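Mind looking over this structure? Questions follow.
Lettered A, B, C and D in written order, each chain numbered from 1.
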Amino acid sequence: MADLSVHVGALALRNPVMPASGCFAIEYSEALDFGRLGALVIKSVSPACRAGNPTPRVAETRGGMLNSIGIPSKGLAHYRRDVLPAYTGHGTPVVVSISADTVDEFAQAVAEMSLPEVAVIEANISCPNLEADGMAFAMTPETTYQVVSAIRRRTRHPFWAKLTPNASQIAAVAKAAEEAGADALVMGNTVLGMAIDVRTRKPRLGNVMGGLSGPAIKPIALRMVHQCHRAVRIPIVGCGGIASAEDAIEFMLAGASAVQVGTASFLDPGAMQKIIDGLATYCEDTGVERLRELTGAVELDRHLSDRWLRFAQQSG
Amino acid sequence: MSKNDQCFQRNAQSVASHRCEVAEHRWVNARYKYLRLAAEADLAGATRPGQFYQLRCPGTDALQPFLLRPMSVYGTGPEAGSIEFLYNVTGVGTRALAALEQGGHMEIVGPLGNTFGFEPGFRHVMVVARGVGLATMAPLVRQAAAAGVRITAILSARRPEDLMSEQFLRGAEAGLHCVYDSDGSASVESVEALLRRLLDADAPDALYTCGSHRLLMLLQRLLADYPQVRGEVAMEQRMACGMGVCLSCVRMFDREGDKQFLRVCREGPVFPIREVVGEVEFG
Amino acid sequence: MADLSVHVGALALRNPVMPASGCFAIEYSEALDFGRLGALVIKSVSPACRAGNPTPRVAETRGGMLNSIGIPSKGLAHYRRDVLPAYTGHGTPVVVSISADTVDEFAQAVAEMSLPEVAVIEANISCPNLEADGMAFAMTPETTYQVVSAIRRRTRHPFWAKLTPNASQIAAVAKAAEEAGADALVMGNTVLGMAIDVRTRKPRLGNVMGGLSGPAIKPIALRMVHQCHRAVRIPIVGCGGIASAEDAIEFMLAGASAVQVGTASFLDPGAMQKIIDGLATYCEDTGVERLRELTGAVELDRHLSDRWLRFAQQSG
Amino acid sequence: MSKNDQCFQRNAQSVASHRCEVAEHRWVNARYKYLRLAAEADLAGATRPGQFYQLRCPGTDALQPFLLRPMSVYGTGPEAGSIEFLYNVTGVGTRALAALEQGGHMEIVGPLGNTFGFEPGFRHVMVVARGVGLATMAPLVRQAAAAGVRITAILSARRPEDLMSEQFLRGAEAGLHCVYDSDGSASVESVEALLRRLLDADAPDALYTCGSHRLLMLLQRLLADYPQVRGEVAMEQRMACGMGVCLSCVRMFDREGDKQFLRVCREGPVFPIREVVGEVEFG
């Protein structure tokens, strides 16, 4: 049996497969053995109490779905008391995901959640920054640097910055997060989208726009993982449209050290376990001994363009 | 949200995606289809009345559903792996599903959701159903009949040919009252009069409803006058995960004076009628 | 029969359906009556001669495809002599799409192609700007303004700026194009993506990365059309994942005056005609007399968020 | 690129997406399936040997092809709407296709591409096939047989059980030479010796090949010594549109000393063997 263990920085995981925030909760223990996952990532919590967005909160699209759940939250104290404990007894590292509205609130919240029972804090900096007119922190390198460095100053806990695919200069954003002290990147969140019901002429989501996830966005997320991998030296956790072991391998080849599975669990709550099993099978079938060696192992032919150009120049 | 030692409301021993074979699939009337699936697992033993599954409706060239479709269990057994659904062919997913042929395969995820608050000690129950509500409450009717509990059923439909009372009772004995839009007997006023007469004559231990928001609101109002009658409703909402994970399916309920969002897929789909907040529709 | 005619600025079209550049050529006359389309948009041409990118140039993804064709070109003179004439005799407005490497080259090429037989010039400013390190012109408002205003100075022809969904601040880019004098926007081009073959570990495209198109990107393109429609007053031509009459309607409701169909034609060369027929059916079924009235007619409930907040505040 | 008065190389009167019913679908050996479709349109009349269609392989739960799959026409008729394919079950699309059941439906787009340069006045033709090449050249064999032209066929395969010579000839008479990897007779040296012997003994008017790059390169080399023999090959390349529109399927050819990119789907799939540029593979 191949060695499926991976590292994300100093953190060792028994395998690279973990849930994506917001697509996992304690109820999945009815369908999965939490002790066999790589890590447990909990739904984002925000310090501010919020009810979340109007219904309908989900709509389907071709090969994917839109959601505008928002981050319903009852605050950090409630979270620590009533949410977190259920996740900490499974022998699997727990990742707490934080959202916040301002740089200070973010840093403060991360500090507060830097608890011994929490292995990693994931900062969901794809969420709106109220100080920048609601534009997500991770949309620009500048605001990324600001929030990540503020967080770094307040915690010694391993922390991952979760980037958004809506950013146009993803390599620069990734570098800003690295320079500001993030231990790893999660690439990435949902892509902003919209759908309209042509019968009622109304948006399909109560909130009008929402985040696109699922296989439809996989090529975009994969491209961004590859771009981040070229740009930074910190590890990358790939996320976006992963639904099979082959998808997970694709992300690892592109540069991911581990992967998160979101929407795929909605179609099969046992999806993560099937992906883990599939990784073992892939390794056996292809003679890979240590899965982690796949990270960044895409075979790029650096001379291909030149060869092609020379070849093509023969034509008139 | 009720808690047990698992720190969450456990609705089933285990939930999984089951690959099933289509054992029977046919039209019941112009809009509804009956589907019987055969699975490996003991779904009959694992599933309780009111629970639902999420169906992975297989795509066709023109229709490519992505999310699963929540469907109440219409019946189970007699074989352990046998499970039945009764569904309205409307949108992308159900139209795709309708094209699935006998002998074909599909996946379903479940069992999901809670169950009706039925107690074998009950003497008399009343069910008020319309449309798809009928599929949801059919297992409850069977349960009540098996327990020897007397059943009064009020069935509402557009027209007599839409009623499906045989599909509902499936041989169970019941005091049956059919009301129709077509002759005005299904109007709120008529149904209110009918219900008051029935409740006054022989108040049931519990009254269950599903399938009509208008009937639900009527029953909520009526039940204020019959405090001894337990009232339950099976609700619907857009779903993604169906397991309580994604928070897409919330509705507001008034639980012991505390208004809160509950997940239709997890704390429901069955809720006390008295707790429903008659919310305006959003979006 | 409903009136399907629309206007894109001063240009009148018999219906809103036209091909997307690069997804249409004279060979489709085997499958379509060009006299029944709204307009004919030709594959982009660049003044510089190029062979295009290495093969494989296409790969499929879930609900979409990646392409890295590039813009093979034999220059403008060849185009004018050997390509353009085949399109001009069908009684349907011809849209010439131009790509270029620098601002000056762009302006020069548009000027050169501002011919009487050309109804509109589409400037594919989603293509790489060699003066900005290969970043596409339409990635930032600044470079958009530069190239569009340079083009505007050189032509009186109607010209449309084709934007890229890879830009993060799409409203600002749209405004820059409007201020710089574009007559309309085409929103939008492909989304940059990537795919890896997990068996060979090689990228599925010879060029490594490529543009994602097809239904997978529809929610993204639709959202951007909506954002552009809110930001500018010039007309918008919607493009991205349109495969059915309902998709076209969805784009019109979001703010498009006309639509372009790309990838869908590859799955059915008769797709555009079917969409046109479907538009007529939709109008009949829903009692719409003039299709153009659908532009921007999405029903947004401006008070919904407030109502929801008040409603949600009841909860503890 | 050849031009006619339509300013482009017209390969068919009209091209359309045809909805077909699956009339027959069965395994031919462990890797190949035979598929016969029934369409409304007169595909038999519209399709010429060497042409292909793009198949919209219907998705399954696990396999969801997006692009169409190019497939040579293996045969047409006797009914006007009848069209046959013979395909290798390999990746996402063909595995999904293999699951399609008799009586099911699928769409195909075509006819696409050019045709073999066969002239009824020919006396003798030679066909050299391997793998899927067999499907592509089967209609040419039928055409030659119908025209009373003598046929020499060299079939290459991994092992005797992979050969499908009956599927290739379909009753046509031919001088048949089978070579195999398993006994070494399919090695380039052996095949070269065989071909030289055949060409020297009775040079054909034309020699056609499909299905092996190695054989193609060998034939290109050999044909230099037989300038009077016309040589043609049917090529493959990744495709999106299949109609000459998207420029994805280009390969380089040397046409009258001018190296140029041609579209396999439009200027091909049949090209003169002598024009092929033995390009390295990219990507």
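Rule of thumb we're sticking to: a contact is a pair of C-beta atoms (placed from the backbone, for glycine too) under 8 Å apart; a residue touches a chain by one contact, two chains touch by 3 or more.
On a predicted model such as this, the values are computed, not experimentally measured, just so you know.
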item	value
Both-way neighbours, i.e. chains that touch chain D and touch chain A	B, C
Chain at maximum distance from chain C, centres defined as averaged CA atoms	B
Cα-centroid distance, chain C relative to chain D, in whole angstrom	36
Centroid distance [mean C-alpha coordinates] between chain C and chain B, Å	46
Distance between chain centroids, defined by C-alpha means - chain A, chain C (Å)	30
Length of the line joining the C-alpha centres of chain B and chain D, rounded to whole Å	56
Where chain B touches two or more other chains, by residue	56, 64, 107, 261, 282-283
Shared interface positions of chain A, touching two or more other chains	51-52, 54, 61-64, 202-203, 206-207, 301, 304, 308, 312, 315
Contact graph of the chains (line, ring, star, complete, other)	complete
Residue ranges of chain C in contact with chain A within the complex	51-54, 61-64, 66, 139-140, 166-169, 191-196, 198-203, 206-209, 212, 215-220, 222-223, 226, 241, 246, 249-250, 253-254, 282, 286, 297-301, 304-305, 308-309, 312-313, 315
Residues on chain D engaged by chain B in the complex (per definition of touch)	56, 58-61, 64, 105-107
Complex contact set, residues of chain C against chain D	22-31, 43, 51-52, 54-65, 67, 69, 72, 85-86, 202-207, 214, 263, 265-270
Touching residues (chain side chain D, partner chain C) in the complex	6-8, 10-17, 56, 64-68, 92, 107, 109, 237-251, 261, 266, 282-283
Residues of chain B that touch chain C when the two form their complex	64, 252, 258-261, 277, 279-280, 282-283
